[in-house]
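Structure provided below as structure tokens; questions to follow.
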Amino acid sequence: MLDMLGIVLMGLGTAFFVAGTVGLLRFPDVYCRLHALTKADGMGLALICLGAACTADAWGEAVRILLIWVFVALSGATAGHLIARHARRAGTPMQEGRQ
Amino acid sequence: MTEMTPAMIHGLAGIAVFGIGLMGALAATDRLRRLVALKLCAVGAGFVLVAAAWRTPPAAPDPVPHALVITGIVVMISAAAVALAIIRRLHSLEAETDE
Amino acid sequence: MSDNLPDPMILVILLPLFGTVAAFVLPRAAPVIGLATLAAMTAAVVALGRAVAQAGAVSLPLAGWGAPLGIELRADGLALAMLALTALIGIAVGFGALGTFARARTSAGDGGQPTSRQRAFFWPLCLLLLTGMNGVYLGADLFNLYVMIEVISLAAVGLTVLGGTVTALRAGLAYMYASLLGALMMLLGVGFIYLQAGRLDFEGLAGVQPTPALSAAFALIFVGLALKAALFPLHFWLPDAHANATAPASALLSALVVKAGLYILLRLAEAGPFPGETLLKLMGILGTGAVIWGGVQALRADRLKLMVAWSTVAQIGLIFIALARGGADGLSDSWRAATLLILAHALAKAAMFLAAGRIKEVIGHDRIREFDRSPVRPTLAQFAFALAAVSLIGLPPSLGFIGKWSLMDGAMRAGNWHWVAVTMIATLLSVAYFSRALTGFLRFDRVRAPVTEHRGWALADAPPFMLALLAIGLGLAAAPILVILEFGQPFGVSP
Amino acid sequence: MTEPLLVFDLLLAGVVVAVAALTLLVRDAFAMIVAFVVFGIFVAIAFVRLAAPDVALAEAAIGTGVTGALMLRALAHLRGGSLSGKDPAPLSGPTRATTLGIDGTLAVCVTVALGIAFFGAPQAGPGIEAEVAAALPQSGVAHPVTAVLLNFRSYDTLMEIVVLLAAVIVVWQVDRGLSGASDPLTGEVYQGFARVILPVAVTVGGYLLWIGAAAPGGAFQAGAVLAAVAVLVLLSRLYTPAAAHRHLIRATFVAGTVVFAAVALGVAGAGRTAFEYPPGHAKSLILLIESALTISIAVTLGALFHGREPASPLRKETR
């Protein structure tokens, strides 16, 4: 039962990753792409970690997987912020019509 | 006929990476790129050693080449750091003489 | 040997390492630490020499495991001769460096480092270089040798760029890249050997059957080491690097560092099915190219240090010809000729670079054409240079003569007269290029101002002079040197 | 061997080779470094597939992470303090087609020859894992790679740390920071991130060091993680290297080498050779050496990132 749940969660997470990748490829400027990447990947990773934790054999393993999620989320958010900040300071233009 | 094993596949990939690095080391005109090319050579050599350590599961791999590759990685970063320091210093001096 | 002292073999390697650390942590005391370390290291070499003289080849299984699991150190006559050479050159260059870095010279406006900084960094790098060299001589494990040549190459690059000028840095970076590529080729070769043989100690290589993987490994290692030893046409990095370094650094680079690659090739030839006759022939051909190209470039060089650097290229070529001279007999006898040439070249070239440094320091430039216009005469340095040139040209009774004679004698006996002809050409070329400098030293008629004999002799004049005297005098002691080389019978019993 | 995994291997190997080629083909130097980091991550995955988790950790942390940081740092210097912008003009003109052709032919020939030689070599061939397994109980640690690094081939490992020491000596000698580029700008979010992550990273580093005795991990991986801490601290300006700390920093660089070499010599005697730990003390001595190594590695890598030796701002360098 728990295994099934895990697989479903992981499948959902993969869908988010696909969406994020499409956004990365299709969106017009740095800021939009960052938005797609951080949002979708954050959610996707959360779901995949949750799914993997469901299929884990022991409690310790599940805790470790969740820790991975916490750290990746933290560093992903910071990295996204740094890239956006840097792009802004370097004067990377935004796409017309967006603020 | 030799069997297709992960060691064979990744070993051949490693040799290809070494070849790409060799090409870059010979042909690159830019100092930084030549360093990256040499690093590729190092990774290629590492692949061959790790492939030499591989044993068909469930047998555990030979740990000796693993230790050698770790040593090689540390040696390579030392060399890279020295090369980068010289590149930086040269850049400063050349910028001064240009002015 | 007392039971409480560690084996001299490991001391020979670790003493200069401790010296490096001490000289780096206490930069002000670096010269004192450096000289003390050199003295201690020499004592360890002497102790090791006593052991080797008694027991022949000795080995030390580090960590107590023994090959193939652990790493062994091994010393025989050949290793001992190289260790003694290194200690000798280390001491001479050390004293030379005392003089070179003593004066607070104002460096030119090309980014040169202040002398005090050069002195503070020279000693750790020099001792580190000796650590690596000694490790190479005693190493008997291929991967360990790879790590050792990396220790050497980082220290050598550091010494190359010690002057801090743009030209030195450019030459240093080119050297770094060439040396790194050579080392990585060797690393890949080591990978192939492990793939085939499953072990990396020299003893384990002896019984391995030749296969394509092993050939690939030896080809990679040969090219990598030839790049490090600057065998023509892989010498492109050497002239700039050696000509633009400060004098003591050049002396170390030219006398010792290029020999590391040669020495490993010798050891490989001793251990395994390497090199085949074809490879020997190739070595001879490339050596011939080096002799001619290096000679011609030395003739064309406008600066003294550049000329000396090009002469290194030619002399390395000659050493490879010495390896190739036996043809089908392999290295069973040729290694002696090659070793004699290595020793002779190291002594003479260290003397020559130190002397060239002194000449440049006193006259203020090292343009060969204008030597005869200088009113100042650094007599002793010029004399040392001339003596070193005598040994490199190979006039009797110098050590260079013994080496060249041994080369030609073996070539004649093997019926390979073409190598004799090449050696003759090498000799003629070296006479030609060295006489360019020597005539400049001797002519006084073009000086406009009154000639000042010299500005008094300095301590820095002594090391090149001593080394040059040794390069000549050891020719008379060739027989004892050959006896030392035979300790432990490298390459088996002589035919 | 199951089929799907083989397909995965083929795909992974293809991606590794493709990204390697991409690394050298992209024009922009920044993109090149990014591609290189991506390449490193794929290589680490391939190493995991080859049952070499220790190597994968080292490659990801040191070979890719720290190396990438060093390269970005150098690039920022070359571009005048910022990562974006134009590169300085190439040193020589564009490579001529003939040179490129000769180099390419040479590289392809070498690669093909090596590939054939590799194909003919024994697979899963001879090794010394049996000897390692037999000697493991006496080595003092349970993890074979750590046993090789710190017991069987400890001499190599000492020399490896010496190479790292050599690097920092040369870097300090070369880099006099005449026109030092300013650090990349970081903001409050980054500062906050650094504060949160620092204690965690230190814990992870300590854990990696400790676990190395029994499982993948050890001094080098731990050192790399702690080096990341050092880089964080330097970038967030939590610590600015001061001239007064020079001697302490130098002492930290050499600590690993000194402890290792001193233990190696100290244990010799009474029938034992150098590096041969007395029975019963192997584990504690290895832990002692590894701790010193970890600290030295972390500080050294951090210093390599920082570049020049900290100098007092008052005393101007005389050129």
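Chains: A, B, C and D, in written order; residue numbering restarts at 1 for each.
Quick note on the criterion: a contact is a pair of C-beta atoms (placed from the backbone, for glycine too) under 8 Å apart; a residue touches a chain by one contact, two chains touch by 3 or more.
What you see is a predicted model; the values in this text were computed from it and never measured.
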item: Neighbouring chains shared between subunit B and subunit D, ordered by label; value: C
item: Of A-D and C-D, pair with higher C-beta contact tally; value: C-D
item: Centre-to-centre distance between subunit C and subunit A (centres being mean Cα positions), rounded to whole Å; value: 57
item: Distance from subunit B to subunit A - Cα centre to Cα centre, in angstrom; value: 31
item: Cα-centroid distance, subunit A relative to subunit D, in whole angstrom; value: 28
item: Residues of subunit C touching at least two other chains; value: 111, 143, 147, 150, 154, 157-158, 161, 169, 188, 192, 194-195, 198
item: Interface hub residues of subunit A, defined as touching at least two other chains; value: none
item: Multi-partner residues of subunit B (at least 2 other chains); value: 18, 22, 31, 35, 42, 48, 51-52, 62, 64-65, 68, 71, 75, 78-79, 82, 86-87, 89, 93, 96
item: Pairs of chains found to touch, sorted by chain label; value: A-D, B-C, B-D, C-D
item: Touching residues (chain side subunit B, partner subunit D) in the complex; value: 2-13, 15-24, 26-33, 35-37, 39-40, 42-43, 46-48, 50-57, 59-71, 73-82, 84-89, 91-93, 95-96
item: Subunit D-touching residues of subunit A, taken from the complex the two chains share; value: 71, 74-75, 77-78, 81-82, 85-86, 89-90
item: Complex contacts: residues of subunit D adjacent to subunit C; value: 113-114, 116-118, 120-122, 125-128, 131-132, 135, 151-156, 159-160, 162-163, 165-167, 169-170, 172-174, 176, 178, 247, 250-251, 253-254, 257-258, 261, 264-265, 268-277, 318-319
item: Of subunit D, residues touching subunit A in the complex; value: 82-84, 184-187, 189-190, 193, 196-197, 200
item: Complex interface listing, subunit C residues touching subunit B; value: 110-111, 143, 146-147, 150, 153-154, 157-158, 161, 166, 169-170, 172-173, 176-177, 180-181, 184-185, 187-188, 190-192, 194-195, 198
